[in-house]
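Okay, so subunit A shows up in both of these, paired with subunit B first and subunit C after.
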Partner chain A sequence: MFPFIAKRTATLVAAVLVSSFAVFLIPYFTPGDPVRTIIRSRVSGNIIDDADVQALSLSLGLQDPLIVQYFSWLGRIATGDMGLSHVSRTPVADQVLPALAVTLSLVAAALALAVLVSLPLGIVAGLRHGKPADRVITSVTQSFIAMPEYWVAPLLVLVFALKLSVLPSAGWSGPESMVLPALTLALRPISYFTSAVRAGMIDAAAAEHVPAARARGLSVPQAVLRHVIPNGLVPLSTLVAVWFAGLLGGSVIVEVIFAVPGMGRLLFDAVVNSDIPLAQGGVVLVVALAVLVTTLADFVHRALTPAVEGSYA
Partner chain B sequence: MRRRLNTHHLAAAVLTLVVIAVAIAPWIYPYPPAQQNLAERLAPASPEHWLGTDHLGRDTLSRLLEGGRFSMTVAALATMLTCLLGVAIGVLSARRRGWVDEFLTRTNDVLLAVPEMVVALFIVATLGTGFGPLLLALTVTGWTPFARLSRTLAYDVSSRGFVEAAHVVGCSPSFIIFRHVIPHLAGPILGQATLRFGHLLISVGALSYLGLGVQPPQSDWGSMMAAAQPYTERAPLGILAPGLAIFVMALCVTLIGQRAARMATGPLLLPTADRT
Partner chain C sequence: MLPVKRSRPILAVAAVLALSGCGFSGGQPAQESSAAADTSQRIVVDNFRAPVADWAVESDAAYILSLSGCLETLTKFDQAKGEVVPSLATEWKQHSPLEWDFTIRDGVKFQDGTALTAESVATALNHVLKATVPARAFNSKIISSVSVPQEGTVRVTTPTESPLVPYRLASVNSGILSPAAYEGERTNPFGHCTGPFVPVSEVAQQSLTLDRNPDYWGGDVQLAGAEIRFITNGATRAAQVQTGEADISMSIPAASLSSLENADGLSVLKADSPRTATLYMNNGRAPLDNVDVRTAIRDALDLESLAASVYEGAALPATGVFASSEPWAGTTGEAPKQDLDGAKKLLADAGYTADRPLEIIAIVERAEFADVAAVIQDNLKAVGIPVSIVTKEYAAAEPDVIAGNYDMLLSQRNRLIDIADPAGFLSADYTCSGSYNLSHFCDPEYDQLLAKAATTVDPEERYSLYAQAGGILTEKAVNVWLVNEQATDAVRNNVLGYVQDPLSRYVLTAQTAKTAS
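Let's look at the complex of A and B:
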């Protein structure tokens, strides 16, 4: 276990360093002089004094070697100083953290919904594997993979907000405004979760200890409850974590459509407005968090399934 | 089994039909796709306009045929690029082993954790919108499922007798790879590629929907939906039709891909955890 943790932690650190370096380089690749952009965002009026440009370049440390600039930038990000947004002229950290909180609650709601729906569906499909119930559940949930979110969302809005007027069409003002975005976001995870639970059930039911338990005198429901279902759920734990990481920044479409003030929308707005400090702060945070969550999930998975040890993982 | 076979045949038939229709679109569309007719804005379905018209009075069916050309071409190109890259990386990992394998597999793990959309936004932020950045955005994260699959398969094939025998009789590593390893990957990889095409079709639409993919005056299914969204209530067909096109295409290739993967590997290929 220990070498595994050490290796994964090293990967985690390397991934954060490489991705943040790529993010750090954004202003060096984009057209326009970033120093002038910063000055323009701070003063009103179009005339920029060359002396100001030089003074700011100097104070930003732009004459230092690239690697020195990178580490001082990373140090500032790590201590919460992500610079000022070009658009709102407020600190990036003050925008990123509330957005992250919104996205976390949206993603948590969507995944909770997905688990609630796919657990019973997957269990039924797995236990009645090959029967009509399995066929219906599998084909319906599999078709969710092919549904674009930007198609489902407007249709849900059309039905529930415009025609029935039972739910708000957009915004973020209470639990009812969370229903449609969470539902849209949950469709694809439902599909993958159901298929994972189903496969887990089929594998677990085929294991030798199940007939052994039956031979010991356990009834079928007892054997299923104690031996099939718990073992069948192991694959789900990793999958939920992977999706949690993925949806942190993968909810862009849903957040844009439903005007949810979360991370996805923030990143999208930052890109559309060329607000580089905001995009940098947001991307670094999302990537670091996503990699951290999946690494932790690997640890948990390792602890739950000791058999993985030694083999490739 | 008989019934399942039929769904796959149906999916293949629908897919072929749409591909042909989109390919010969310039000769079959009822109206030029860019022709505006402001007198007939947001018209419902009628014998003249089978799928109605959009907010500028352009014929939705014609635009659907036109838009499909872009969506499907980009998705197909991205599938080919990611497939080539992924198979090359996967086979390299499996044949070289050691630190090369370790490094490539870790990179793969990390990319799997990073949301595809964030990478796409990052690339658009850096390079701007356009055909090139769009392809790059889809390729940077898209190769990982291919690499994962081909690495596992190449590992298996490499431990078989005929590969060792080829090595013993003095075949060069590249000969072994192209003559003995890659042909064994073809079936499952083809299945995977079909599944990925569906996923990429949705991703292309997503980026165009956000205005980061295809740029006006060109349009694709995603950008059509974005343009139709403000009029959802008055003319729902404008958003329903292109969305349905993406859904049906993605569903067809998913059905075909799963079937192909099952035929190639025996057991059902579990969907990999990919996301938009």
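Let's look at the complex of A and C:
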């Protein structure tokens, strides 16, 4: 167990270092002067005085060598200080923590919905392998992959907000405002989860211990409940963790369309505005959380499949 | 919960309607219900931007504070009259060529209960002057100092004579907050404005909630409160006003116009905005250094088709450098008509040889510019000018454009981004020493007109000089001004007293009201 935790801790540190440095470099490897971008994000318009660029650059410490700037940030983050946003000059933590809470709620809701839908669909498709039910479920859920969020979201707004008037079209003010963004985000995971559960069920049903259980006198439903379904669900835990990590920073389209004040939108704006401390703070939190969630998923996986335990060493 | 005043609603609505009918302000009033205002109503406004710079008054966040009825300025620009009118200052006069004195209105209190004084005004304006990222309209290069020469008077001193100081004090970036707003590093508008609405809570990146200011100096406030939502996606703003979740949605995108125009219970308002999509031409590089070639390019373009197709009616063909409704537009007449034969003749007279394709840079920040460039490419091909198109972020294109290493650029410019007068735009963009002279145009006669306008106090006379300057730009075909964009807002029909402001500075006022249904 200890080597596993040590390895995961090292992964966490490495991931934070690499991702934060990559984010740090983005403004310097994209066209245009980052200081001018910061100014334009505060005061719209095209004309910028060179003296203002110099003054702001000096004030933000952006004239220091890049490596000095990066290690200065690293020193602060090691003490828990995320610093001030270049654009708003407010503490980064005050912006990223509320946004993270919103995105966590949204992603948790979307994945819970995806699991709730894909579990029965995947089980039925797996147990009815090759039959019409399997074909219908598979083709419908696979079609979700081809539906981009920027297409699904307006469609859902059209139906549920404009035509039926049963749900709000946007905002983040209560459980009802979570439904459409969560549903939009859930569609692609539903597709992948259903496919994984289906495949897991087919593999589990074909395993040797199922006929053995039947030979011990278990009925078909009992054998399915005790052996096929639990084993068929094993791949799902890992998949949910991977999607959770991916959606933490990857829900920007849904957040923009539904005006959700979440992490994806915050990170996108931070990168567009060359707000390096804000982008770095956000990425550090997202990456750390992603590593923790996938680690947790490994523990769950281990609990469900003791045979995997050896691989942790 | 703040006490709700139910005071004279019918009289107030009548006054609002009368004022709107008299052209009290610019833009278009919404189609209003005949029902009476219900002073217990609250209103939801979907705005297109969120405050990215906390609530710093020198930043664009000031627009949100202003449109939400919190932040007020010493003067206001009346769009319909085309002039500056009193607000927190009752009058002003030029004390000396470099000094303007503003008389501060008596009896005004900040929402924290302290009195508006000349000293508090000077504190607020000096805070803006010290900003690291300065405001365009009010900064230390334009304003030397702000002082209090005597009780009740604020003196604004400029480094050179400027008739535009009252205009600068109408800019939202010179809004006045009480001194307590500037304690600490951050600007805190909560409880520190003078306007009809008091900000009470904020959800970061989402909304600002305001309640009625029961002690507003400008009369009874007709709404109990408001919520300003920050919704950057245009389609979402359109959907919210259509469902009734929002009462007013600002800046409706072209793609949503037809559905909203056919929807029940709301009106779509349009007004000329000071934004013109422009085909910048490099007047300093062959072949575009030849006025005949530039004129031929203008004549080759079909602006009416462009406005109708790419812009889906959300923009009008441009008649010149100004929108025709602007008070300084002069007699601009109609938009140039496509004249392919004339264009070919001009090219032949200029000795134009299509020895290389001209490059159009279409900036990606405006998604429609890729289509606009394609239309232009097609139009110019018809007169024998080969064109290649590249798409770039503005920041990537800017260094080459300013250095003069380009042929043509598709971009858009707000003429009134700093103040409600085009002096800054005309000077920066088209004078020989202009700091943003992308066209690399230089004409001494034009510069003389601008220099004269810079010291002309009388607006009529100044506007006439701007019109003459605009005439030179048209005559020399410096650029092709393609389409004037329309400011488009959607308003539910139970909203009363809403008058559209093309610059989105004034949305909620004491007179804005709403009926019960």
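Note that the second predicted complex is superposed on the first by the 234 of 313 C-alpha atoms of A that agree within 3 Å, B and C clash if a C-alpha of one lies under 4 Å from a C-alpha of the other, contacts with A are read in each partner's own complex, and residues count from 1 in each chain.
By our rule, a contact is a pair of C-beta atoms (placed from the backbone, for glycine too) under 8 Å apart; a residue touches a chain by one contact, two chains touch by 3 or more.
Since this is a predicted model, take the numbers as computed values, not measurements.
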Q: Scan A:Val157 for contacts with subunit B and subunit C and give back first, second, both or neither.
A: both
(Q) Quick one: is A:Ala279 in contact with subunit B, with subunit C, with both, or with neither? Answer first, second, both or neither. (A) first
Q) Of the partners subunit B and subunit C, which touch A:Ile39 in the superposed model: first, second, both, neither? A) second
Q) Given the touch rule stated above, what does A:Leu296 touch, subunit B (first), subunit C (second), both, or neither? A) neither
Q) A:Leu247 contacts which: subunit B (first), subunit C (second), both, neither? A) first
Q) Which partner does A:Leu119 reach: the first (subunit B), the second (subunit C), both, or neither? A) neither
Q) First (subunit B), second (subunit C), both or neither: which does A:Val256 touch? A) both
Q: Using the superposition on chain A described above, determine whether A:Leu56 touches subunit B (first), subunit C (second), both, or neither.
A: second
Q: In the overlay, answer first, second, both or neither for which of subunit B and subunit C A:Leu104 touches.
A: neither
(Q) Does any part of subunit A touch subunit B in one structure and subunit C in the other, and if so which residues? (A) 30-31, 154, 157-158, 162, 256
Q: Write out the stretch or stretches of subunit A touching subunit C in their complex.
A: 30-33, 36-39, 41-47, 49, 52, 55-56, 59, 87-90, 94-95, 98-99, 154, 157-158, 161-162, 165, 168-172, 256-259, 261, 265-266, 269, 273
Q.
Using the touch definition from the top, list the residues of subunit B that touch subunit A in their complex.
A. 106, 109-110, 112-118, 121-122, 124-128, 198-199, 202, 205-206, 209-212, 222, 225-226, 229, 232-233, 236, 239-240, 243-244, 246-247, 250-251, 254, 258, 268, 270-271, 273, 275-276
Q: Could you pull out which subunit C residues touch subunit A in their complex?
A: 52-54, 56, 58-60, 132-136, 141, 185-186, 203-206, 229-233, 235-236, 239-240, 242-243, 245, 392-396, 398, 411, 413-414, 417-418, 428, 435-436
Q | subunit A - residues contacting subunit B, complex | A | 11, 14-15, 19, 22-23, 25-26, 29-31, 142-143, 145-151, 154-155, 157-158, 162, 188, 191-192, 195-196, 199, 239, 242-243, 245-250, 252-253, 256, 264, 267-268, 270-272, 274, 276, 279, 283, 286-287, 290-291, 293-294
